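Next up: the structures, one after another.
What follows is a pair of complexes built around chain A, which joins chain B in one and chain C in the other.
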Partner chain A sequence: MARDTAVLVLGGGSTGCGIARDLAMRGLDVTLVERGNLTDGTTGRMHGLLHSGGRYAVSDQASATECIEENEILREIAGHCVEETGGLFVQRPEDSDDYFREKLEGCRECGIPARVLSGSEAREVEPYLADDVKRAIEVPDGAVDPFRLCVANAIDAETHGARVETHAEVIDLLRDGDDIYGVEVRHDSGPGKRTHATPGTTEEITADYVVNATGAWAGQIGAMADLEIEVRPSKGVMTIMNVRQVDTVINRCRPKGDADIVVPHETTAILGTTDEEVSDPDDYPEAGWEVDQMIDTLSELVPILSEARTIRSFWGVRPLYEPPGTGTQDPTDITRDFFLLDHADRDGVSGMSSIVGGKFTTYRAMAEEISDHVCEQLGVNASCATAEEPLPGSENIERLEAGMDDFGLRSPVARRSKQRLGSRACDVLETDEPNPVICQCEGVTRAEIQDAVSQSGSDLNAVRIRTRASMGNCQGGFCCGNMASELHPTHDEETVREALDELFQERWKGERHALWGEQLSQAMLNYALHAATMNRDRDPASAGEDVDFAAFDGGRPEGDRVDGPRGAR
Partner chain B sequence: MAIEDDVLVIGGGLAGATAALAAADRGAQVRLVSAKQSTLRHASGLIDVLGYAPAGDGPLADPFAALEDLPAGHPYERVGGEAVREALSFFDEIAGDAYEGGHTDANALVPTHGGTVKPTARYPASTADGLASDDRDALLVGFETLPDFDAPLAASHLKAAGAPFEARGVTVRFPGIVRDDAKITRYAHLLDQPETVRTDRGETTAREALAAVVEPHLEGEPRVGFPAVLGDDHADAVRADLGDRLGVDVFEVPMGPPSLPGMRLEDLLYDALAERGVRVTTGVPVVDYETAADGPDGNAPPPIDHVIVDRNGTEIPHRADQYVLATGGLVGKGVESERGRVFEPIFDCHVPHAADRYDWFVDDVFGDQPYAQFGLPVDRDLRPLDADDGLEFPNLRGAGAVLGGYDFAAEKSGAGVSLATGYVAGQRAAEERQ
Partner chain C sequence: MSDAERPTDGGVSGDDDFEPIQVFPEAEEMDLRPGADDCYKCSTCDTNCPVAEVDDEFPGPKFQGPEQWRLKRQEDQDVDDSVMKCSNCMRCDSACPSDVPLSQMHNTARGEYVEEQMDKFSREYVRNRILANYRRLAPLGSMFPRTTNFVMGLSATQWLGEKVLGITSERELPEFATETFREWWTKRGGAQVTNPDKRIAYFHGCYANYNTPEVAKALVRVYEHLGYEIMVPDQHCSGTPMFANGMLEDARRSAETNVRELAAALEDGADIVASCSSCSMSLRQEYPELFDFDGTDDVAENTWDAVEYLRVHEDLEAELEGTSVGDEFDDFAYHAPCHARNQGLDGQTLEVLAPIDGVEAHDVGDSCSGISGTYGWKAENYETSMKIGEEMVDHMEDADAETGLTECPTCSMQMEHGTGYEITHTLEVLEAALVGTAESTATGANAQ
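For the complex of A and B:
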């Protein structure tokens, strides 16, 4: 029986998108389904560290070695998603000398370039480090934009013929005896790009092979076919500051610990993180003390953090996995390595493999290994090209950057747009139409928003992750409405209104964890703008109750007007 | 030597300015000191009195009827309905032809730049022809380079809100704007000045050119609305000129920050302050205070003797008989917060709030937000109360957004509360001076 697709990938995180691109480039017919937007899972809720491997140089050298290899590859193939910030492992006076030495040796053993800086040298690099830091190891850590990278993989998969369906939740696995041959999905608003206010549909998609890349949710998918996959989701908090207190990744040089790293990311710095097992990856407590812990503990390294403004906090869940019977107590001790579970070998059920665990930094290598496995299953002979072929946006970046003009934009806006778009900048920004800035905090222009809208329908969160619009200081207070307007007239007014409400509520969700000081004032300003000035909280169009307009003041009576009679003069 | 006045008003927003004007009106010698620009820069320039009851009923056609039912502690309940009316009359007198709405008790419904309508009590003359509770058809005009107002979208939204007329929206290029991110004031100044712009038809004034761009889009609508950028110093003339050229009534749709109608209102108030002899110093924050050695009797709290104004690093004492605190709310910085507390930064007046900051908000962004009500509780004389309902100081009154117990954004009561409490605080301060 002919199947709809050769390979069906479940999950639109870095793992799923990486696999889809890899297999599509090998010439396979691929379909990817994701229940929300791309990156809606852990990929969109991670710290943004492009590991040098330094963090694992003592505890897990295999991972460390893989990290440095992939780190170097991603700088090449995904230059427009990576900022080469460098990183420091900083030792405070109370931190162990032995561990510092082990870290340094570990880095050298794993091929991670490492150099020791004295305390004062480290403070020359990062002036806001505490006065009493003892010394530091410099490594090639970087910052990576997970949204941009993931979307670039998906776009390239599509360019190679893949079908990518977002807002398509897997609700059942199709199983015939001991064979899995596809899934049933529920489309939020019908197949294709999402449009608000469109009724949902369901669809059966059959496939020669299914790859379950749903990360922390892999167990839920497995359960649909009575397969047990022992994912142990572990949550971590990250707190975003409104400016970059540091331009280098700052790690605390001590064995594992909570709140031991600051990653500069675009205009912000992100503090992290924790590691605490949770039972449900969709429903776990998000508590204020976790935010306090980030600020208080990391202030030991960077004291000004204690007074600084945070704009939001968010949590992610690691898809940790350990083979049955391992029984590790502390989630921080569970390996960060990934596992490929072939359900034919493991459970006697053919047609599907699951991938769990791993890291964002090594997504490409994971995808390569899994794609090799899939090809073997399908008897396809094709080799991987993802380590050499740049992602869309990163082709010939140096040459392009030299030749690119500013597209008539103010230079800070042009610079940021070009960083985000990489080699796509010309295609996106070159326009004869006026191109005003839509999001002031992040310098995002209309052309870039329109480019994102063309990829993602009426979903403004999808526009946000592609452009960073609404992710700056005002957290969307000043630009959400303008982003929504860009959907009109392609989408009608009601759709625009729903899309706006959804984005505004999403922005509020993370901001609630930053509500004191400047950010509380900002929240009040945003609220006043949307409720007092615009009446969006009590909009008669949404309230569904008719207003008796005639009962209200319709203006001064004719004879009484200061500026003469009405209308047509 | 300290600077001495009868009444010292701290904060130069709508509440502070009104308090200073009301005190001067009663013959007091008044000084106003203010740190920064006020919230009027952000606000629409509309004077909302009460658009929705605290429980959410509305839009209210008659704000005054609903004033009687407000909960104890609400600023309007503190000053009483009659004072609200008096304050509005006082404002009408100061504003003169610049504001409308005083001919009736009823609220007007005004189109917002987001596209829906909202109830308000007084509106700038520039918005008078734009009321959504006026049933004449309207053409809305937006500009390609001004994303804050999408006219076609706003027109559809007005229809969805049930507005009793046909609204159409068009987007045009603003003649003479060459940069895609020109400031709002650039549009206004182009229209204000006789400066010429270059168009296909040669050199003309911006007004002439704008009218020529809009004209072909008219389909018989008697009124045409623009985003609120129609002139800064000469807004009336700009509107009248455009109206004459197009043969229609021209109006402005109020906008978000930076808001020209808000800034025009601020100018109007500062002109009035100058006219009435109020001494105004801006750019200087009040940073501290001293009380007199003793209160009048053993139990009463001691009065404020003087406050300290920081003028570029020099601390200058300012002494007065009576003080009005009109430093704004969370936006104006009259109320501030840290991770564990909410406070009033000058006098450390009591600000009720939950101990856990996670109880300062609710999860629905437009739900009943506790933070929106942060501010000082006051007695019926608007004097701040401590945690035990005792007076903080006998000679301090609060006015405007620094007061607590109301959510101006949900109720649409912001400017109205600032006017009413500013008016009462200024009057009482003047009456009580020695």
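For the complex of A and C:
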């Protein structure tokens, strides 16, 4: 029976997009479906650490070794998504010397370059470290933008012929006896790029093979075909600081625990995290104390954090998995390794494998292994090239960085734009049109917004993850409206309004957890701007009814006006 | 710091016996990103910026300050060149409702720009260095003041100044006094009042020393009249023109001397007063924001504007009640300098002058004069400077007065340049009211 596609990948996170790119590059016909926009699940809710492997150097050396290998590959193939910040494992006086030594030895055993710095040397690297930090191990940790990396994978998959459908939620697995042969999806606004205010449709997509790469949601997908997949979703809170207090990844050098990492991320620093098992990856409590406790604990390492402004907090859900019968109680002890579950071997149901567990840094290696498995199932003989072929934006990146062209932009705006766009900078920023800065906080220009709009339709959250527009300290208060205006006239008024509301709501979601101090002032100003200046709290145009203009009177006659006749002043 | 510079430590040693001496960071290396936390982008600073008002190319203080700092990463060196268009009037500081350290951010970024990006052999750099270091040239000028004044006044000199250095030929360079304040002070034998209970150290700055010693003398006579012992410590330029030109190393050297000398005066029981509003601004705000010498904070906390000090420590209103000044002064069009405004002193002169009979001061509003120290002297800024000053000049001409009054030397240059009025300093009016005019006192002294 002819199928719509050879391989159907479920899930538009780092794993799914990585698999789609890998298989498409091997010449397979691939379709990827994602419930929301790309990175909507766990990928978009991580702390942005590109592991050197140092964090696993004591507890899980296999993972550590894999991390350093992939770390080095990503620096090469995804230079425009990676910032080579370096990282420190910082020891406070109360932290164990034995553990420090084990960490250092572990790094060396795993091939992770590691060097000891004295307390004062560490403070010279990072002046905001606490005065009493004892010493530190320097490792090649880095910062990675998960949005950009994931999108680059998806773009490259499309370039190699793949079909990528976002806002297409899987509502059923198509199963014929003991064979899974596709899914039914519900398109939010029909297939293709998303357009708000357009009615949805459903579609059956059949495939020779299905890869369930939905992470923490893999159990829910499996249940649609009566398969039991024991993912143990575990939530972790992350808090975004308004500015970078550190330019190096700061880890606490002690056995795994809560609140032990600060990652410089673009213009911000992200504090992480906690580890607590939840039953439903879509519905779990988000408590203020989790944020408070994390800031308190990390202030022991970087005291300025206790006074610093946070702009939002968010929770991510780890797709942890352990084979049935392992019975680990504490989620922090569950392995971070990934598992390929071939349901033919495991459940006697052919046509689908699920991929669970794993971590962002090693997404490419996971994708390679799964792609090998898929090729074997389909009898295809093709080898993986993802470790050598740079992602779009990262070709000839050194040449771009050497280039002095500022595209007529102010230097910090040009610098940040080029870092985001990588080798695509010239194509995107060279324009004869006026190119004003739309998002002042992050230095994003109209040309970059328009480029993102051309990729993602009316979905402003998709524009956001591509450009960082609205991710700065006003959290979209000043720029959401201008971003939405960029959709017009391609999109009509109703679409633009819905897109604006959706983006602004999404920004508010994380801001709710940062409402004190300056961010509270910011929220009040944003409210005043949107509710009062823009009249968005009771805009008649949003009421969906026609405005009865005849009901308005004509105003006072000129002679009665308190300020005199018009033009008299 | 590159890896090569870092001492390597292969083994695991628990002790910290190698502790490099902790030196405070150079001003241009300061990390002011945390200051961006206070900004919620309301843009009040932009609407109060006199340069942004007249120059569409200038992105304004919000970009220059918190936005640019927030976009910065540790290794980034490039500061946008628009920072050189900031006139350092510091109005953004007082406009900000949220205490963003805007001028500190501008000063630091400007210092970094000049240090890292400006060609040290460029005309602009040389010119700025000369303007910023006016104090180093002034002694030469005042050695032969008449010759200097003659040569500087020649149109050929001014033409050369513009062509070679980019100093506008539209303005007339300030004249050097035939006798500096310090020469006068030495000649008269220093302080003529001793009083261990009421002692001030006078920071006269450069301009009152070399160009308008009558202002400095007025301060001496007013303070001595009120029973103060005056100390005149050794001093360098306050640093204001150096900050504005991003010459932070020059400013550091000057500030080091000033802090040392003024801190010593504090030890001797003096408070510090300044007659120039930019000098007092610099000692009070910019020093502690940019430097960390021993005593910097003490000096900042004990520095006053000369008139402000009297209003707080004396019953100045009672002293002035019933005094009068004669024909030597007409009514004044008064302009409050931005740097006085930033110290909360913008209403002061009008209130102080109110009880004096025979003279009236009319406030010409809260606009900026536009010259901002060395800013308006640069050929490329001249037009902007005059556009900013237009409102002040219009209001001066509309006011019922034919002379001007202000506390800032360069504002007075702009006021004179824009209206042709003669410009007086508030202290000169106080001197006339409390002591009598400079001439009559001088005559009296000679008669003895």
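Of note:
Throughout what follows, the second predicted complex is superposed on the first by the 541 of 569 C-alpha atoms of A that agree within 3 Å, B and C clash if a C-alpha of one lies under 4 Å from a C-alpha of the other, contacts with A are read in each partner's own complex, and residues count from 1 in each chain.
One rule holds in what follows: a contact is a pair of C-beta atoms (placed from the backbone, for glycine too) under 8 Å apart; a residue touches a chain by one contact, two chains touch by 3 or more.
The structure presented is a predicted model; accordingly, all values stated were derived computationally and were not measured.
In the superposition on chain A, contact is made by A:Ser521 with both chain B and chain C. In the overlay built on the shared chain, the residue A:Gly27 is in contact with neither chain B nor chain C. Of the two partner chains, chain C is the only one that A:Asp247 touches; chain B does not reach it. In the superposed model, A:Gly111 makes contact with neither chain B nor chain C. Using the contact criterion defined above for the overlaid structures, shared-chain residue A:Pro127 touches chain C, although it does not reach chain B. By the touch criterion defined above, A:Ala532 lies against chain B but remains apart from chain C after alignment on the C-alpha atoms of chain A. By the touch criterion stated above, A:Pro436 is placed in contact with chain B alone, chain C being left untouched. With both structures placed on the common chain, the touch criterion links A:Arg410 to chain B and to chain C. When the shared chain is aligned, no partner comes close enough to touch A:Gly257: not chain B, not chain C.
Shared interface residues of chain A (contacting chain B in one complex, chain C in the other): 410, 413, 478, 521, 525. Note for the complex: chain C touches chain A at residues 1, 6-14, 16, 18-20, 22, 25, 31, 33-34, 36-42, 59, 62-63, 67-76, 78-82, 98. If you check the complex, the residues on chain B that touch chain A are 42-44, 48, 51-52, 56, 58-59, 61, 97, 100-101, 103-104, 106-109, 112-119, 125, 128-129, 131-136, 144-148, 150, 152-153, 156-157, 159-164, 173, 180-181, 222-223, 240, 243-244, 247-249, 254, 256-257, 329-331, 333, 336-339, 356-358, 360-361, 363-366, 369, 371-372, 408-410, 412, 414.
For chain A in complex with chain B, the touching residues are 288, 292, 408-410, 413, 433-438, 445-446, 478, 481-482, 485-486, 488-489, 492-494, 496-497, 504-505, 508-509, 512, 515-517, 520-521, 523-525, 527-541, 546-557, 560, 562-563, 566-569. Interface residues of chain A facing chain C in the complex, by the touch rule stated above, are 83, 97, 100-101, 104, 115-121, 124-125, 127-128, 134-135, 242-245, 247, 264, 267, 304, 308-309, 410-413, 415-416, 440-443, 472-474, 477-478, 518, 521-522, 525.
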